[in-house]
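Consider the two complexes below, in which chain A is the common component and chain B and chain C are the respective partners.
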Partner chain A sequence: MAFTSVQFVVFLFLCATVYFLTPKRYRWVTLFIANYIFYFFAGPRYLIYLLATTITIYCGARQLGKMSSKNKADFAAVKLSLDKEEKKAWKANFTKKKRAVLIPTLLFNLGILSVLKYSGFVGSNLNALFARFSLDITMPAPSFLLPLGISFYTFQSLAYLIDVYREKFEPERNLAKFALFISFFPQIVQGPIGRFSDLAEQLYRPNGFSYERVKFGVQLILWGVFKKLVIADRAKVIVDTIFAYPETFGGTYVAVGALVYCVQLYGDFSGGIDIATGAAQVLGIQLEKNFERPYLATSIPDFWRRWHITLGAWFRDYVFYPLSLSKFFMKVGRKGRKLFGNYIGKLLPVLIPQFIVFFLIGIWHGAEWKYIAFGFYNGTLIVLGILFDQPLKKLIEKCQIRTECFSWHLFQVLRTLVLIALGKIITRAPGVGASVYMTQSMVRNWDGDILCNGGLLKLGLDTQDLWVLLLSSLVLLTISLLQESGIHIREALAKQNLLFRWIIYLAAIFSLILFGVYGLNYNASDFIYRGF
Partner chain B sequence: METLLKILEELRPDVDFQENKALIDSGELDSFDIVSLVGELSEAFEIEIGAEDIIPENFNSVEAMMALVTKLQED
Partner chain C sequence: MKMALRIVIRCVAFLLVFSMLFLGATEYLRRADDEADEIHAFYNEPKNSIDVLFMGSSPILRGISPMVLWNQEGFTSYVRASALQAPAVTYGLLAESLEYQKPELVVLLCDNIFLEFEYAEREGDLRRALDGMKLSKYKLQIIRQITAEDERQTLLSYVFPLLRYHERWKELDLAEAEPVPLLENSFKKGNVYLRGSEPQAYPQNFMAPSDEAPPEFNEAAKGYIEQTIQFCKEKDIPVLLLHLPKMSWSYGQSMKLEEFAAEMGVEYLDCDREENRAQLNLDPAVDYYDQGHMNLDGSIKLSQWLGTHLKEAYGLPDHRNEGEYQAWHEDYQQYAERISP
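Moving on to the complex of A and B:
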């Protein structure tokens, strides 16, 4: 059930109607049932994976919760009689016991994800390696269809388990309520990845009907559909053409392809997130923010703080910090200081885990070498950015370049956009070799004339569609700039006169009807991140 | 408190640690600052700060950081 389908609109309408008509005490049950109906539509056989994760994480967390409660009571009884070293030993012993529950549960769930997502990739690469060394070994390289949202619900549930392990909160006792948290239908498809401490209470409480909130939710859904159907699916035509024929469309076309792919990916992913957030808002639930105008970022780290925020935060809290603050990396830092001096030594426990995080973010996107290259590219940019931060600041000072002005800010935004677009070539090209070829071609065969001599009309869109894409992207940019300057669009619109408001609403609805990429022979393309 | 302030001022001389009470929430300190800071605090106060302690409430202000240090020293 795609977010842009009529079925989804009907499903959301029915779900919201039944939810608000259900007695308050049982509203969470309505949501729970709705989630499983939604997931059932995605493919009944995938329910087994969702259930396996739900049950194992529930049991693991409950066990950890019981252990923590018992430990607290036991420790309180003997605390006064223990000296500092004994307290430390007690803590270490308890951590060991907890890890005996945590690690198998983590491995089981990461195992499901890894087998389904990476076994084909690992198998085929091993086979290629064996063949190279003339070894007569063949590994199975199965290709599985991924269950809907598996990366997203697995990460969400692992975060919950680790938080219970860290004793941030008590585990949920009710299995059905926990299952509701893992499977909330608007966000299970492509995020945002929710945290138990923010989301659970909103799901469990009986949300009342609010006209204002439903209106805001529907507006956000329409805005998401606009980004997806008017912008992303139109941009897709150009991107697909250029990247399918890299030998025909070299030079400037590659730059056009990379830039338009930036637009497509943002329209597609953030559009999907807007629909999810809007649908949740209709039901009285506020999902976490996943985007904050990423293409207005002034540096690569800034970009990653604005793009897919919940995934970045997940890796920061559950991979980066545990690695950086581990005894091993603390030791690496101390040794690094002795060997390379204070500056580099201090940076090592940050740089290496950061690199590992980007490697993982790369393979999170897919089991292909190009995604590993993408992670490597971003990791390198971040590490270089940190290493050259101080020397560059000194250089800027020496050259007396003004940094507190619009032109410098614009330069930073454009520089970041170029680096991001180059990274997009890696992920969109058919392979790493093709992305290198395309980038070389862009530099060597640059021909700006294609932008004016009708060259863009060879990319699958006619003049009218190109204008629609350009103007709708400008609308997106204008809205982004307004939001960046602190204006809340929906709130500002709500303050306008009735006539003006309805002119805007009708213009939005008609633009969707007239310019959305659909029709009798056209199926709205799948959301890109749905495949991750 | 003086040791803590000295560490913070060496780490980020551009930040007003006395006034800013939302160091994390406002984005003033990022994850790199936090890792460097944790390394310094661990050495200076002989404590172990784990990933579970890295929550905004523990690092939003100097007072919150001091409270965390005191708590970990007592544990």
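Moving on to the complex of A and C:
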């Protein structure tokens, strides 16, 4: 059930109607049932994976919760009789016991994800390696259809388990309620990855009907559909053409392709997130923010704070900090200081985990070398950014470059955008080799004339479509700039006169109907991040 | 409560404005089409005022002129046909027509019984018929059939054609664009004639008896035609299976259709049988638009001959002197003016 389909609109309408008509005490049950109906439509056979994750994480978390409660009681009883060393030993022993529950549960769930997502990739690469060394070994390289949202719900449930392990909150006792948290239908498809502490209470409480909130939710859905159908799917035509024929469309076309792919990916992913957030808002639930105008970022780290925020936050909290603050990396830091000096040695416990995080973010996107290369590309940029941060600041100071002005800010934004667009070439090109070829071609065969001599008309869109893409992208940019300056669009619109509001609403709806890329002339395209 | 009422009123008002704009946009962007127009204009005919309904695909659409039949014999008729009409559409269109009219006779062109209808490749033909139809259970049945056969097509795009034609703004000169509502009243009564001609010649041994096995019926098409005939029988309306002149026809096909008609207990009339050809006296050099369709001259000759046959065989009434049918005289005048060279 695609977010832009009529079925989804009908499903959401029915779900909201039944939800608000259900007695308050049982509203969460309505949501729970709706989630499983939604997931059932995606493919009944995939339910087994969702159920496996739900049950194992639930049991693991419950066990951890029980252990913590018992430990608290036991420890309180003997606390006064223990000296410092004994307390330390008690804690270490308890941590060991908890890990005995945590690690198998984590491994089981990461195992499902890994087998389904990566076994084919690993198998085929091992086979290639064996063949290279003339070894007569053949590994199975199966190709599985990924269950809907597996990367998202696995990460969401792992975060919950780790938080229970860290005793941030008590585990949920009710299995159905926990299942509701894992499977909330607007976010299971492509995020945002929710945290139990933010989401659970909202899901379990009986949300009442609010006209204003429903209106805002519907507006956000419309905006999301606009980004997907008018911008992203139109941009897709150009992107598909350029990246399908890199030898034909070299030089400037590559730059056009990379830039338009940035627009497509943002329209597609953030459009999907807007629809999810709007749908949740209709039901009275506020999902976490997943985008904050990423292309207005002034640096690569800033970009990653604005793009897919919940994934970045997940890796920060559950990979980066545990690694960076681990005993091992503390040791690495100390040794690094001896070997490379204070400046680099101090940074090593940050740099290496950062690199690992971006490597993992890369492979999270898919089991292909290009995603690994994408991870390395971003990791390298981040590491270089950290390493050269101080020297560059000094250089800027020496050159007396003003940094508190618009032109410097614009330079930073454009520089970041160029780096991001180069990274997009890696993920969109058919392979790593192709992305290198295309980037070289862009530099070597630059020909600005194609932008004015009708060269853009070779990319699958006619003049009117190009105008629609340009104007709708400008609308997106304008809205982004307004939001960046602190204006809340929906709230500001709500303060306007009825006539003006209706004109805006109708213009938005009719722009979707008239300019949306849908119907028989186009192949229906799925949301890109749904595939991750 | 007051607040809730205000919200409801606002929502209803917004939906009304939206609907008006949506309908307006549909009329601007609709692909104007004679066949859809003629199918739609049928609804404006006074209830139970049509004596004969002609159903089927393009040969009957081009070849039968209800105005000629009216002028010559005085009975009323309407052609509810469209190019390469799918048997499912013929069935739905007939069933729907019988909600509005109770004809004395249904004439069914069913050459398509030999063809496999590729729904996925015939979207244009399907829309010609369906765009003219009002929303009804019969239209929904046809849409269900189409969407089952071609998953790219959607129910909504047939119910709201704007969702199909939404891109036509690119083809319009917005400064001169005008709304194109569906036709409300037709003087041609469903006939979409073709001017011009392409000289034809009968193939060697045309309609000569031969031992060659005729092509098989398409089972799906046959099923729908059987349903259509059965539906008429239930309504106590006689059915005439008709074959109109075309160059790519064989004696075997004719005999097979005759057998089928006999099995179904209905009459079969084949205009390409020698005895009928002799009476019809068509001139292949001037009366054909192409191999399979009559042009305007051919359609007049054909309608004149068929009118006589139908009048005699089915005892159809003559309304020419009845006051309620005066509009038909006016329509004929318009038709006569239009067809004059």
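Observations, loosely collected:
The criterion applied here is as follows: the second predicted complex is superposed on the first by the 527 of 532 C-alpha atoms of A that agree within 3 Å, B and C clash if a C-alpha of one lies under 4 Å from a C-alpha of the other, contacts with A are read in each partner's own complex, and residues count from 1 in each chain.
Note that a residue touches a chain if its C-beta (ideal position, glycine included) is under 8 Å from a C-beta of that chain, and two chains touch if they have at least 3 such contacts.
Only a predicted model underlies this, so the values are computations on that prediction, with no experimental measurement involved.
Placing chain B and chain C on a common chain A by superposition gives a fit, with no clash between them. Using the contact criterion defined above for the overlaid structures, shared-chain residue A:Tyr211 touches chain C, although it does not reach chain B. By the touch criterion defined above, A:Lys87 lies against chain B but remains apart from chain C after alignment on the C-alpha atoms of chain A. Once chain A of one complex is fitted onto chain A of the other, the partner contacts of A:Gln464 are limited to chain C, with no touch recorded for chain B.
Figure note: vertex chain A, arms to chain B and chain C, all at CA centres after fitting on chain A; angle 160 degrees, rounded to a multiple of 10.
Once chain A of one complex is fitted onto chain A of the other, the partner contacts of A:Arg293 are absent, as it touches neither chain B nor chain C. In the superposition on chain A, A:Ile509 makes contact with chain C only, not with chain B.
The overlay of the two complexes leaves chain B and chain C separated by a minimum Cα distance of 38 Å. No residue of chain A lies in contact with both chain B in one complex and chain C in the other.
Residue ranges of chain A in contact with chain C, taken from their complex: 6, 211, 462, 464-465, 502, 505-506, 509-510, 513-514, 516, 518-521, 524.
Listed in rising order, the residues of chain A touching chain B in the complex are 87, 91, 166-168, 301, 305, 316-318, 320-322, 324-325, 330, 333, 346, 349-350, 386.
Across the complex, chain A is touched by residues 7, 14, 17-18, 21-22, 25, 123, 152-154, 156-157, 162-164, 166-167, 169-170 of chain C. Taken together, the chain B residues at the contact with chain A in this complex read 27, 30-32, 34-36, 38-39, 42, 49-52, 54-55, 75.
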